[in-house]
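You will see two complexes here that share chain A, one where it goes with chain B and one where it goes with chain C.
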Partner chain A sequence: MIVAILILFFTSLSVEAQKFKQPVLISSAGQSADVKLVKMLAQRQGLNATTILMAKSADLTGFKTLIIVPGFSSKGLGAAGISQQEEMERVKALIKSANDLKIPIVMIHIGGSARRQGQSDAFNQIVAENSKSMLVVKQGDEDGFFTTISKAKNIPLTLVVKIAETEIPLGNFFK
Partner chain B sequence: MRKITLQLIVLFALVFNAGILGQSLPQSTGRNGIVATAHPLASAAAIEMLKSGGNAVDAAVAAAFTIGVVEPDGSGLGGGGGMVIYLKKEHKSYFINYYGRSSERASEASFKSGRDNYSGKAIEVPGTVAGLLMAHEKFGSLPLSKIMEPAVRHAEDGFPIDQTLAKLILDNIDNIMSDSVTASVFLENGFPRMEGELLLQSDLGKVLRTIAEKGRNGFYEGQLAESFVEGIRDRGGVLTEKDFSSYQAEITSPLNGTYRSYDILTSNIPQSGISLIQGLNMLENFDLQASGHYSESAKTLHIMAEVEKLVYADRYQFLGDPDFVSVPVAGLTSKDYALERYNSINQSKLDPPRYRDADYGNPGAFDKAFRKEPALVMEPAEGHTTHLSVIDKDGNAVALTQTLGLFFGSGQTVSGVLFNNAMTNFSYNVENVNYMQNGKRCRTSITPTIILKNGNPFLILGSPGASRITTTLIELVVNVIDFGMDVNEANLAPRFYCQKFEDYLHVESGINPEVCSELEKMGHQVKVYNGIDLFFGGAQMIFVDPITGEYSGSADKRRGGIAIGY
Partner chain C sequence: MAMIRNHLSTIIISILTAAMGVIAAIAFGKMHHPEVLYPSASLTSKGMLSDYFDGITGTNGDTEVYLYDSGVAGGTALLCGGTHANEAASFLSTVVILENLRVTCGRVIIIPRLNNSAFTCSDPMEGFPSSYEIPTKNGTRVFRLGSRVTNPLDQWPDPLVFAQYPSNQQLSGFETRNINRAYPGRPDGTLTEKVAYAIIQIIKKENVNIAFDLHESSPEVPIVNVIVYNEKYEDIAMNAVLGLEMAGLQFSPETSPKNFHGLSHREWGDYTNAIPFLMETSNPSMGRLRGETNVDLVLRGDCDNYKKAKETGALRIAYREETGEPIEHRVGRHIMGFIELINSYNYYYPEMQIVVENLPDYDMIMENGVGEYLKN
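Up next is the complex of A and B:
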């Protein structure tokens, strides 16, 4: 707990978390089940949020913030009936549309080491680099993957120790 | 701090404990015994038994109980399985079928696939305890309490969650959250436990202690069985105390076949060793070596994919519980039938253009005992399992595969036991051989297998992966026998998967892209998976060098297991 508080303290010192507006669209990049947990976190914080696992450009209408939860899952892709390549094309198109519409993207990476490297990192990278703020469970950044992107692109990064600890910073994004 | 301390203890034990593993890092070769499982702690448990003077069956049973604790997503006391045992001195082999059986009242549950997958309705009578204890009683040599000690220890003291389990908890969050007791084990404050955290299963530890003390009856009768029945009933199921008390594992001969000059001992029906034999019989008619490895030859991959597709078409049509339906075993394993099926393959293009339009054959023409031909219906493609392979210093060998059905089974935990959802394996079309009936065993893909060369163990293997099991095993066998790969090369080689009820030819990216392009020209729709992927199973293999007698093992990197020898 102390470690978690310290991490939150120092990361909040290093960058000032940006504020975002509601309503919020939550989507996945890689179709992992992590997006369901972020949906739960958003509900706990009472956010006006809609979750569309395979959101497309047209789904952005009316939303003021896009939260993308990256993480590859072959099970999720199988359930969605799409290939990894098709998913990547969808994600790229969604990001481009959000940027064109000036809808800020928030990346939330909660899967820790289970959603790093392998097929996940291509999704992690493209979402992180295009985000306006990143909220990451620290285990997913043990090699500095997100920290490096944060510094290179000057994107605020908030690190927490446990998944449950993402709830408060998530809520603070919208206060 | 406790988490880190325990991780260090486990790591220290694995690497430096001479009593378990010798003085150095785990070996994957040996002359006194070797084991390959999906988790280091299960492999260590098996080696501990071998070093204590136990035989391959002692080691396999210890590993099987332990893997149910440390890989709780794939198998456990609430599931079922099968094992092939080869006893070198007697030159005898056995198959123990300990897959579950539907309740005597199963039809009253009105189970609906999809809707009820994660409920008490999906639960069959679990067979793991009966099967493992039968193997130990008939062939083991160490006391049961000794064999079960590692499983009890890891349940009660906990173990660090590895990356595979952490990922599976995340991937299967809906299933886990379907039951508050299951959620209390795998979640903390409603969110998944992560890699490196300690997983404690104290209630499961108590059940394991009861089994160690009271044997089979401690699980299938009395207070524990009563609590299972009540808990399952509260979750919508219909299992009865009679279902538990009457459950029996079955011991028979394994199903026998041959491939080139090798003898195959594999799981008997309604498990899927028959499909492995049929597929290899068909491939005997094709010169794989001359055509080249499937990762570099579109023709080889096309032929193998077509063989796999036809094997699945037959499997769905003919394989069911022999207590309920007539299965043309002699026909499906006939070399003549295999040749007929092989000759039906168009060698240059996909024909018919959709896998789904592939017809089943007529093995009944090669099988005088076969009685009828029911209709064809697909079964769920999901399903997740675990496999372990063991051989001891005397050459006794065990191939063991066990499962909970889907990952984390039904998601329902009662009195510490996470129960299966094997009811999802049945067909619910009355015309199908695998149609759900009361007290029936469902068809299952599991295929524990031992391959002999000149009467001696040569290859011990198996894999999880639901409908991918048969294709994975066919590919592993040809990698070793036809392409001369060692077990690690064979296991790491890229895989592919094709079957009747699929629209895509699934391939790992190690398959040459030019091969994929050529396959698409032949009519296949290719779906590429980057790198290696758990989708294609997690094989655990042991190879016995026919000249030197040295053992070498391989645990599949797709699954995070380990082979240990000494």
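Up next is the complex of A and C:
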């Protein structure tokens, strides 16, 4: 128990200390519209960020951090003209390249329960497990999905209540 | 003798039928008289849509246009209610804004009954009430609840297949009377297309910068509780969605589909310089799962069928089990959406500001009711 509390304590400490570098590439995993809100949050914080909804490995050139916003949307995939499987393959390849290039991945999940379970969780899981930090709107972690990954993989997790409240911690990652 | 008796009953039945006809005609005629609205003191002039395209002069498609000019140089906003006259919160939100609005920079133009003809009938086979009442400080206001589409008396018959102009996109014949499939319209088309054309003319002639089209939809459709935006103006939409979320209201941003033609958020954005936004609230009285369709359902928006449907989890349904979707909630959302989108627009276009004041916010409407903000 004490160990658990200590781990939690140090986890939260490391959240404070965690810093990432700009420029930032923002991409989606599952093509939900949430990525567009994250783009706006980054803009509000004045981050040097570029958003490519379907970023490929080659797009990573020159970037020092990769933000991935997971969440499945059949409409988003339809608009992009790709299948769920193709999207998953793209995401896997992007994550692998980022890891190879030592570009840290930050996961931002803002879609709440609407972007959980169903076809979203496969995207949520692969992005969360490969991230260096997670920023999550609480409603998406009501069952402890992200908390469990955070503990198992020792990845710092920041929980906020509202989407708009992710803005400050997002900005702090880069300050 | 039997013959006389036969004639007598024929005469009596004829007289009774004629009397019923007269009563029905009076009631029917009333549907063509729009309810009186009470614009705020900021109103500077009132005109008609036919001032912008005289091809609709004297038709049922002509409709009132209210202009609020602050006298201070800035941008121009156009607010439209009643695209679909069966969507109560669309019209009512516009009326609340019209009766309270103060503009201190730029101009606001309000068209409360965009498809005026649709307010003169109701949808067949749907069992909709033809009006609803809102209690106010000084009594009761009665508002018409109309149809989704232009009155068939004004435009008939429908083609079997409707070919949208100019895209030639094929839709069911019924949609030929849906003004939100008719943009950009044409001056020599159907009445619906002429009204759509007139709307494009007012946007162009008044140099409208930002335009709103208010709607409601069934809880079970995918496009509900949304702000639909033309892709050119994504930043304004996203910024407003975040502002609204801070105020406790969740709106999903939805891009206007590029290949779905005739809709305001697509064609106003493509045929004019205006930045268009369409908002949808959730109205259980419009849904396929609804039970008894009455004024109570329209105004209180609570429905056991939707509660049950939501509980099964089989469908994604925009319905709040505890509170339902009452008219205060729906009007409050529309007004907050209007305010936040204008705030967001002002952030991106500081040289073309539009400043609106004196509008009740969501919490005020939830607490005091819509009637509190209706004059008279």
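Just so we're on the same page, the second predicted complex is superposed on the first by the 158 of 175 C-alpha atoms of A that agree within 3 Å, B and C clash if a C-alpha of one lies under 4 Å from a C-alpha of the other, contacts with A are read in each partner's own complex, and residues count from 1 in each chain.
In this text, a contact is a pair of C-beta atoms (placed from the backbone, for glycine too) under 8 Å apart; a residue touches a chain by one contact, two chains touch by 3 or more.
Computed from a prediction, not measured in an experiment: that's the story for all the values here.
Once the two complexes are overlaid through chain A, chain B and chain C clash, as defined at the top of the document. In the superposition on chain A, contact of A:162 is made with both chain B and chain C. Once the two complexes are laid over each other on the shared chain, residue contacts for A:113 go to chain B alone; chain C is not touched.
Residue contacts after overlaying the shared chain place A:101 against neither chain B nor chain C.
For chain A, the partner with contacts to more residues, out of chain B and chain C, is B. Using the contact criterion defined above for the overlaid structures, shared-chain residue A:43 touches chain C, although it does not reach chain B.
Once chain A of one complex is fitted onto chain A of the other, the partner contacts of A:93 are absent, as it touches neither chain B nor chain C. Across the superposed pair, chain B and chain C both touch chain A at residues 33, 36-37, 40, 75, 114, 162-164. Contacts from chain C toward chain A in the complex involve residues 222, 234-235, 238-239, 241-243, 245-246, 252-255, 257, 316. Against chain C, the residues of chain A that register as touching in their complex are 33, 36-37, 39-41, 43-44, 75, 79, 114, 162-164, 167. Residues 163, 166-167, 170-174, 188-192, 194-196, 527-531, 533-535 of chain B are the ones that touch chain A when the two sit in their complex.
Within the complex, the chain A residues that touch chain B are 32-34, 36-37, 40, 71, 73-76, 78, 83-85, 111-115, 118-119, 137, 139, 162-164.
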